[in-house]
Structure formats: structure tokens, C-alpha cells
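What follows is a short report on a single structure.
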Amino acid sequence: MPVVTVTRRLHFNAAHRVHNPALSDEENEHLFGKCNNPNWHGHNYILDVSVRGPVDDRTGYVLDLAALKRIAEERAVDRIDHKNFNLDVPFMRGVIPTSENIVVGIWRELEPAIRPGKLVKLVLWETPNNYVEYTGE
Amino acid sequence: MPVVTVTRRLHFNAAHRVHNPALSDEENEHLFGKCNNPNWHGHNYILDVSVRGPVDDRTGYVLDLAALKRIAEERAVDRIDHKNFNLDVPFMRGVIPTSENIVVGIWRELEPAIRPGKLVKLVLWETPNNYVEYTGE
Amino acid sequence: MPVVTVTRRLHFNAAHRVHNPALSDEENEHLFGKCNNPNWHGHNYILDVSVRGPVDDRTGYVLDLAALKRIAEERAVDRIDHKNFNLDVPFMRGVIPTSENIVVGIWRELEPAIRPGKLVKLVLWETPNNYVEYTGE
Amino acid sequence: MPVVTVTRRLHFNAAHRVHNPALSDEENEHLFGKCNNPNWHGHNYILDVSVRGPVDDRTGYVLDLAALKRIAEERAVDRIDHKNFNLDVPFMRGVIPTSENIVVGIWRELEPAIRPGKLVKLVLWETPNNYVEYTGE
Amino acid sequence: MPVVTVTRRLHFNAAHRVHNPALSDEENEHLFGKCNNPNWHGHNYILDVSVRGPVDDRTGYVLDLAALKRIAEERAVDRIDHKNFNLDVPFMRGVIPTSENIVVGIWRELEPAIRPGKLVKLVLWETPNNYVEYTGE
Amino acid sequence: MPVVTVTRRLHFNAAHRVHNPALSDEENEHLFGKCNNPNWHGHNYILDVSVRGPVDDRTGYVLDLAALKRIAEERAVDRIDHKNFNLDVPFMRGVIPTSENIVVGIWRELEPAIRPGKLVKLVLWETPNNYVEYTGE
């Protein structure tokens, strides 16, 4: 039975402020520049969810991508789409909402719920010129 | 002398809330749905600035696109990039920051400053699935 | 009141065969080549629906793009998505399902239903390298 | 001698029906939904063929991408472009034409023919929102 | 008979130097900056060729896009692909190879050869952030 | 502390000629075809620089992408943008400027300068249909 990785791409948009409340305003401004704007800014994020597993003979699927989409929406996308990462998202409480921390937060919400197959990678695009990848390490 | 339209694409990202302060919360929620989120959301906007004019024999240009970029940045993009359209942008005061109103606001800032050639179109993409065009009417 | 054109992009995929039943097999093969494959082939189509009108003071919208999406889905996209243009689509009966005829067929379904504003353009991409535009003429 | 992975992207479009003939119509409809449409539907597929090997001093290439393109066309793309995966493609006989099974089928056709270097990955995009990867396992 | 605009997208890459030989080196450097590099630089150009006309009842086409592609390749793309606009292209002799002059040059080569239908627009992308349009004026 | 890979995408354009001076003109023409054009040709290159490391608690970053961009520009992009790979680029002297050799050359310039985190991958797109990857082996 061949083992294949399948990916579903999802889209959402959100506001955030890159800010560490433990630091002074000067340090925040120095570290984060315009991403520290007190009145927020935002992005159209792209999220690629990749699951790896054997191809099921009966369906020809690793897993049903429509089911994967539903899981990703219920556990992550619907809770962050058109939201503010600093104020509205319980699973981001206490961490700075950089792409790095967002992708780790989404992984923790999704990983236990995905089967058959195993979540092997998340890619999160913040702008057309930068993205992050997380594989659970 | 042939007449050509040249376009410079620019990128920025910003937060906004689609909200009409003259209406009740219920009306706002009914009209704007998740775009009315009180804690904002945001987008990676794409702006195409199109200028039309005769091709200059000496340069082969309608106008220097590096100069056009500078004008667009000074008059518009630097004032809205990593900002909040409801709170941070003087030229958007008193209007609901929909794409329609943003593109008209940018036109009014840019139009008087562009020459040689004439600003003939602005296109503003808010998400990969929707955009607006304005030609000054 | 400024007049703006707003566009909603929609996606669907479908099968078709470019074939004129009034012609012989040889003529069809000669005219349409591999697009005449008797067992069909298919595409991921992209449809851009553009509506032009004054910006409403109360909403900042020409029209609500969520409402435009619903109209476009009910009247066109849901009837052609994952379908066969030659066999499954009532509004394409009796015409060869080229992109030209598809875009005109979609226009006729959408145009009477769109308001406020006026449908001014449809763009239909068949592949990443070809698209057609129709403005109602 | 550095070892580099080189990729050639190819495009094709095809029709298919996601259907398991060993199951009832109800089970097929339940498992595959609109992808089970009896009259087919189709896609513009994108195929990325990745080959890894040392860089040849004489050419600066891992392998000539024009030669790789010819192999990929002769062994795979020309046999599936503008075709029906269920009816027209010998190497897909007896398997459900999901992206998972298509990518494995293409691998088996290409892998023995590619040299110098070694085929290390195929990526197949079915729509702009989903793709599969196969590395030969 | 509806009137539709159909577009074929083509790709080529080429080298050029934006340079006016009638001016001094200082003036060229001042006007054109890094685009004046004496040893050339280059681009992956994208060319969209748009033809407008009535839809032919017999074919469902305005014109056969495969034929349009052949005309565009013979008259323009094959003569500029992997070439130097300043040195290798007869129809660009005596003009500065800016996008503006290139698009006008291509128009003059293509316009007399395209029928049925009428060439109505060329769009030439030089980079992902700038493009020019010409409609024959 | 989770370990994440972050990527910054950069753009540049350049001219080159794929040519091995140790070989005859006939051999060069046979090996490299139109890419051997004596008067050069060029591309809009896309470069993805990927760095892997633990997420810093204080910043939420693996490393500051603005700093990564500066390093990539100073050490590579500014030295190749609007340049000729055969004539203008010291770190490419003595090698054929294929994408394979370019990506290895860029790696050698960047790798020692990047920290915190470790450079783990470079991807270089030469055209929309081919790219190369290097991981330092």
C-alpha cells in the first residue's frame, strides 16, 4: 500500500499586534517596528494542512479532504477567521501572535483530531513573501 | 507617438472594521456579519496604480515607474501600511473603510500628484477572491 | 457619489467536450483536436463577476459581495460545478460548450438577478493561459 | 560535488469520476459526494517532477530539464492530457482515479526512465486548494 | 451573435538594457539607474494577446486559440524568446527596449495577421509588480 | 521550545548565458540550445531562504525576518539583481551560471552569516515552470 501525503489549503484573515507585554514600549518598538502598531494591522493568511498515510483501497484516499477541511475549520479556522489574535483567540493567550507561535498553536488544536493518517506538516503564509513551517518538534 | 497605460503594483497590509457608527449594533451585525468584529480583522491588500500617456522618445517611458512608486508610497501606501483604517488614517475619517471607500480615498490622494500622464485606474484587491476598481467617476 | 466596479471571484470545475454534432467526426477532429476527445476532459474554471454602481453611503458597498456570491452560486456555479457542460447543464443545451458560449450562458442567467448595481463584465479562465471576457453585447 | 534537487512543472487537464465499482451507488454517493457525478467532471492538474543528484561539472546541470520534460510527456503527460482517467488511461485501470492513485501511477511510469539523478518527489495539484505528494514509499 | 473578447497568454524571457545612445553615460545612469547596467539584465515576460469578435456558430469560437498562439509565436514570441532586445530583435531597432516600446513593437507585428476578430489589447508583464497595456492608439 | 522553519522570499532579475568555455561552440549549442544565445537572455528569479531554529520566548521569532532580508540582500541579492551572472558576479566566477550553480553559490555566501537558527534550504525559481533546491550537501 503506497504512503502519500495529502494537503488541504485553507484561507482566513485576522488582525494582530506583535507585542511582548513584559517589555517596555521602547523595546517593543525596537524589536517589532511597524508590526508593533498599537491599533493593530492584519493579514490574509494561507494555511496548508498536510496529512500522511497509506492510501485506502476502498476509497483511493489517505483521508477524505472534505472531512479534513471540516476538522480544520471547527478546530482552528472558524475560531481565528475575521478575529484579533491578541484579543479573541483562547488558544493564543499568553503568547506573542507571530506566525511561529500561531502555527504551533494551530498544530496543538489540530493534531489530536486528525485521523486516519497523521498530521505531518503545517505551512502558514502571512504575506506573499514570508511563511513558516511546523512539523511538531 | 503611441499612448500606453503603465501599471505599478504595490502591497500593504492593514486592519479594519466594517462598521457604520450611525447604526445600531444589531444593524451593523446584520449588514456586515463577521466583517463587523469589534476587535478588528485585516488583509494583505494589493494596489494596482495605472497611468496613461504618450511614450516619451527620450526615455521610452510614459513615466518613470520608480517615481510613480515613490509618489504612491508617500501619498498613500506609507500612511496605510501596518495601520488601522478606522483609527490611523486621516484621509479615511468619516467613511466606512470598505474597499470601495478605500480605493476612492487613495484616488483623491494620488490623482493630483501624478504626472506626466494621467491616473486612469486604481484596482484594490482585499482578498484573493474580491477586488474593486475606480476610474475617478 | 463615486461609482465603483466590484468583483467577486468564484471557482468551479467541470467536464466538457468541444464538439459540433452537426459536423462529421473528421471535421470535429480537424476543428477541435484533442479538445474533441469523446470521453471528455475538464478544467478548474475561474469566474470573475463584476458589478458597477454608486457606493451606498449607509454601507460603503456598491452591493454586498456575500449576496452577490449567493446569487452567482444559485443561478450559475452550483449548476455547473462538478458537472458535464454537454450533458448536465440546461442553460447550455444546443450550444457547443466553448468558453465563449459558457460565459454568454452564465451572463444570461446572472444579469437579470443582480442589483443594486449593474452586471458589467464576466471573465472566465479555462486554463492558466486562456480566458474570455463578456460585457453583454 | 554539491547535490541539488531540480524540479520541472508540467500542466495537463483531464476528466474523472471518483467511483468504486465494487460498491453500491448509495455508498459511492455517500463516500464521494459531487466528485461521484456519473457524467464526470475535470481539473487543470499541475505536476511537479523532482530529481535529485550531483551537479555535472561539464553542464552545470543535475540533468537537462528539457530531456526531463520530454520523458515526463512521453511516459505520462501526453497519455493523460485531455483524457478521461477512468476510461482512457491504461496505467490507471482497476484503481479509483483519486489524486493519490494518479500520483502513484505516474511515479511508476516515470521512475525507471529518469536518469541521471533519481526521481525523489512528485507533487500533483488537483485544484488551487489541494495537492498530494509521493516519494516512492 | 454575441461579441466576446478572448485572450491567450504567452511566456518568454529575454535580456535588455534600458539605454538611450543619444545621451551621455551620466544621463543614462541618472534616468535609468540599475536598468542601465552595461552587461544587461533580463526578465520572464508574460504577454496577454486579446482578440474581440463575434462567436462563430459552427465552432463556438471567436477564433481558434491554437491558431492565435501559432501567429503570436511566429510573428513575435519566437523572435524574442531567449534573445537580447537591444541586439537580436529587428523590429526593436532604433528604440529603447522599455516595456512601453516592446508592447508597441509586438502590436505592429501581430495586428495585421490576426483574423477573424480584431486585436484589441496587449498586456505585457515585465515583473510581478509592473505591466503595460496597449490598444493601438 | 518548539522548532520552526521560517522562510523569506526575495526577488531579483538578471541576465545569463548557459555556456561552458571549455567546450566548442557546437557542443555548447548542442548541450544548451537557446539558453546558449551569445547575446544573453534573462529571468525574474525568486529566491526562498529558509532558516530553522527554536522560537525565542522574548520575541516569538526564530529570527527577525527583517534582519534575514538585510543579510540576504547584502550578501547575495544586491550583488546579482540587474546584473549579468557571467560577467558581473564575483562569487560565480569559473562556474556555468545554471540555476544549480547559482543556488550553491548563494548558499556559500549566506550560510556563514545567518544566525540565530541555521540555514536549512534555498529554493530558486528561474521560470514559473522550473526551480532548484539546495540543502548544503
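By letter and in written order, the chains are A, B, C, D, E and F; residue numbering begins at 1 in each of them.
Here, a contact is a pair of C-beta atoms (placed from the backbone, for glycine too) under 8 Å apart; a residue touches a chain by one contact, two chains touch by 3 or more.
The structure displayed is predicted, hence computed values, not measured ones.
Asks: Enumerate, in label order, the chains that touch chain D and chain F alike.
Replies: For chain D paired with chain F, the chains in contact with each are A, in label order.
Asks: Any chains in contact with both chain A and chain D?
Replies: Both-contact set = F.
Asks: In degrees and to the nearest 5, what turn takes the CA positions of chain C onto those of chain F?
Replies: Angle of the fitting rotation, chain C to chain F: 180 degrees.
Asks: What whole-number Å value describes the gap between the mean CA coordinates of chain A and chain B?
Replies: Between these chains, centre-to-centre, one finds 28 Å.
Asks: Hey, how far is the Cα centre of chain A from the one of chain C, in Å?
Replies: 34
Asks: Residues touching two or more other chains, restricted to chain E: which are they?
Replies: Residues 128 of chain E each touch two or more of the other chains.
Asks: Viewed as a graph of touching chains, is the assembly arranged as a line, ring, star, complete set, or other?
Replies: Graph shape, chains as nodes and touching pairs as edges: none of the named types, so other.
Asks: What's the complete list of touching chain pairs for this entry?
Replies: Listed by label, chains in contact pair as A-B, A-D, A-F, B-C, B-E, C-D, C-E, D-F, E-F.
Asks: Going by the contact rule set out above, which residues of chain B touch chain E in the complex?
Replies: 2-10, 50, 55, 58-62, 64-66
Asks: Which residues of chain D touch chain A once you look at their complex with the stated criterion?
Replies: That would be residues 18, 20, 22-23, 31-33, 95-101, 103-104, 128-134, 137 of chain D.
Asks: Show which residues of chain B lie in contact with chain A when the two form their complex.
Replies: 11, 13-16, 34-35, 37, 39-44, 81-84, 87-88, 127-128
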